[in-house]
Amino acid sequence: MKKTLGEIAAFLNGELKGDAGVLIENIRAIDDAREGDLTFIANPAYTGKLTTTTASGILVAPGTECPGKNLILVGDPYIALSRVLALYYTDEPDLPGIRKEAFLEEGAVISGDATIYSHATVCRGARIGAGVVLYPGVFVGRDAVIGDGTVLYPNVTVYHRCVIGKRVILHAGVVVGSDGFGFAAPGAMNIKIPQVGIVQIDDDVEVGANTTIDRATLGRTWIQRGVKIDNLVQVGHNVVIGENSVIVSQVGISGSTKLGKSVILGGQTGLAGHLMIGDHVMVAAQSGIHEDVPANLAVSGSPHLPHKDWLRAMSCVAKLPEMRKTLTSLAKRIEGLETTTKRSDKENR
Amino acid sequence: MKKTLGEIAAFLNGELKGDAGVLIENIRAIDDAREGDLTFIANPAYTGKLTTTTASGILVAPGTECPGKNLILVGDPYIALSRVLALYYTDEPDLPGIRKEAFLEEGAVISGDATIYSHATVCRGARIGAGVVLYPGVFVGRDAVIGDGTVLYPNVTVYHRCVIGKRVILHAGVVVGSDGFGFAAPGAMNIKIPQVGIVQIDDDVEVGANTTIDRATLGRTWIQRGVKIDNLVQVGHNVVIGENSVIVSQVGISGSTKLGKSVILGGQTGLAGHLMIGDHVMVAAQSGIHEDVPANLAVSGSPHLPHKDWLRAMSCVAKLPEMRKTLTSLAKRIEGLETTTKRSDKENR
Amino acid sequence: MKKTLGEIAAFLNGELKGDAGVLIENIRAIDDAREGDLTFIANPAYTGKLTTTTASGILVAPGTECPGKNLILVGDPYIALSRVLALYYTDEPDLPGIRKEAFLEEGAVISGDATIYSHATVCRGARIGAGVVLYPGVFVGRDAVIGDGTVLYPNVTVYHRCVIGKRVILHAGVVVGSDGFGFAAPGAMNIKIPQVGIVQIDDDVEVGANTTIDRATLGRTWIQRGVKIDNLVQVGHNVVIGENSVIVSQVGISGSTKLGKSVILGGQTGLAGHLMIGDHVMVAAQSGIHEDVPANLAVSGSPHLPHKDWLRAMSCVAKLPEMRKTLTSLAKRIEGLETTTKRSDKENR
């Protein structure tokens, strides 16, 4: 793929400052870009690199100036990058059609234009929508539903009766619908509570590699439209994740906790069970959430605090040894004062 | 399945308060239950919902009162739920027998009534017990043993020579017997220590999706009878987990650490290596255990403290900025007192 | 395998103190070793067990004395163990050659002496080197490269175009090259940034079960020569891990962070994105790294501190309630002093 900078600027509805005729052959990060490459500055921390790059074109935010460089000014350089990447790098589907080594149980319903690779399995009663791609090692259990345009990468497991929407991406090794962790008399008898609910994943969700989403005890575990989940995340039974929420890697969400819309959970955060997390809540990485969080709050720490309170508290933690020394020295000085005062008090009387 | 409330009460040996003739068609959680449904209150936090539910029957703890509602009083409503769920939702096995697409190496010993799906592999010398189910993508290595009634969900890997007991459930993506993480001169030469031991999993164990259990360097990594492990847990080489212990999601247990019976580890907890954790120890979520814990203790935090001490310490963390301010103001007041006292001391002399 | 202690000492270039003719049949850990076994003391904490073991031979550090026991003195007993284990336990390859149930797309290039099991998939354009072993359920995507002598255990997924070096070991369930977690307008529009880079893994790397390594947005995610990664680790897009670094289980490394050589990251540690971690840095388990760390430093805690500062701060955390009480009592004593001083000051005037 080769396009001129002028063509790319037009495609992005961006404002070009520089040579419209330059040919762009590749897109590269700011540190790697050379002549013939388009690059971008999405993070202001990297603005200093504008002057030193030898890239032939740079996507930048409105108002950016850099004489001698070819700039395309766009509202959001990161969004513009996503569009131009999709333009330059169109991945061909590997192999269309159903491979003979795939295993389709009698009673599975497969759309005519689905792509099913060797060593994939679709059980009876399952329905596979139009344009779906099932890579090798994918398992779709009995009566499960896979919506149109959804891609299941290698070795994804979808247990029986789970329902997955349209244009969903499940990366390699994702498990949807394994049993929730429910045992009566835990530590003593460990009596298994049958997990008879399902997982429902709505349209336009993406789930990262080896993430696990447990089926509900009763009812459903529910991942709503537009949610993005990173790798190695644990989603417990009966959890609800609201629209467009973003869950970073290695987060764990305990059973029956409900997240509102547009919640952002930083990596390695843990949430206790049966909590309500309001819309637009932001949780910093490695936090531990032990109680409900109202909408629009930013929280941090384990146990969590409002983010600003946590910052203040943490700045004191490093000072703790000094504080302890100060306490001891103040106590001594007070003792000294008490002795002096008692003496002079006596002398005065 | 339809049964009357009277029949269900009899099945559970429960005490019925209300209409024995009502038909129950489904079992649903308290927020979803309608007419024709049975529901339950296992967590006292939800007792308030008793009066508002329109469920046709409710499993409750002894002593519960709610005039106008059909109650079944049972010793433990959660255990009763598990029994009635098993009664209502009997999952049929997907496909009995051995599929021709399964791959059985010559020298594998398969019980006549095992179910082996397409794309499963059993290597030579492995023994598969009666009633075992191996789903697609399961790999059972050379000389491994799978006990009677055990179920391996899709894409489970059991490495060579590992021994798995009876009625064990391994959820999708579980790895049993990968090499322990042992390197001499770590960070410098990283010389691999061959991991020639095994993993032994005893009867009635359940392991959650994508959990990994490493084989021992020498001897065995040992998961004892009745242990329940959640998703994405890491169990290091030569670890021992005592009977009926419960390990919540994303816990990591370092090499050679030994847990007693009925230990409960909260989610995302980490344990250092070579530790002894006594029977009935309870560890709160996100703890970091760096030394031995005696039996029957509850601990929290990273580094861990006795639970009560940790609660007290954490209540102070949020107060740290205030404490620091107080320290500064006290220091000033002491300075003031010292000045006054010195002056009056001088004047007195 | 049976060898005399003398033969083993010669093989290890060790110094034998004791009976050279004793036959060694097995190698066992110090607690399990009996007559006929060789054992070892690598951790000084176990030196006390020297006198009580009934093992027929013991690998020990130089200078160790234990009259009546057969000792082999070696520079590093753990390295010696690794050599003697490799001598005694030579694992035979399961099945040489390419199984007919493997699926090789037309255009895949497979070395003559590779071993490819049933239910493995190699896509077109992929190149598989000499002596490579692909276990069942392995997926090698389009145009990916697997170097000579590399082993991919069951259900490993390597996405298209990723490049894996020689003598690499990827344990079961590892995912290499899944999409990095990049979305513009996160929490609002969640616009996917196409991830068009690759993962490059250099020679002699080992990666633990179910670990995930994301492909770069642009360019490469790069695991350098000799790196050892444990189970369930998350490596984000565009991360670089320097030579011989050791990454313990459940660590998470956010996008674009770069580690120097010989870095050691303790279990469950998290690193923010876009950081530089210097050579030979050591990070304690469960740390949270939020800013660059210079070479050769040891750090701990979340947010991290230099290790010694962290130890001091943590020793104070448990004392916080006591410190708070002291603060209150000092305030009262100061109040008392102020009252007395004001009174005597007044009386004096």
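Per-chain residue numbering starts at 1, and chain names A, B and C are given in the order in which the chains are listed.
Here is the rule we go by: contacts are C-beta pairs under 8 Å (C-beta built on N, C-alpha and C of every residue); 3 or more make two chains touch, one makes a residue touch a chain.
Being a predicted model, the structure only gives us computed values, none of them experimental.
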Same-site or different-site touching of chain A by its copy chain C, using the half cut: different
Fitted rotation between chain B and its twin chain C in degrees, CA, nearest 5: 120
Averaged-CA centre spacing for the pair chain C and chain A, given as whole angstrom: 24
Residue list for chain C, restricted to those that touch at least two other chains: 101, 119, 137, 155, 173, 210, 232, 250, 268, 317, 320, 323, 327, 330, 334, 337, 341, 344, 348
Chain B-facing residues of chain C, complex: 27-29, 32, 43, 45, 76, 78-79, 81-82, 85-86, 88-89, 91, 94-95, 99, 101, 117-119, 135-137, 153-155, 169, 171-173, 206, 208-210, 226, 228, 230-232, 244-246, 248-250, 262-264, 267-268, 280, 285-286, 314, 317-318, 320-321, 323-324, 327, 330-331, 334, 337-338, 341, 344-345, 348
Chain C residues within the chain A interface of the complex: 101, 103, 105, 119, 121, 123-124, 137, 139, 141-142, 155, 157, 159-160, 173, 175, 178-179, 181, 183-194, 196, 210, 212, 214, 217-219, 232, 234, 236, 238, 250, 252, 254, 268, 270, 272, 274, 288, 302-303, 305, 309, 312-313, 315-317, 319-320, 323, 326-327, 330, 333-334, 337, 340-341, 344, 347-348
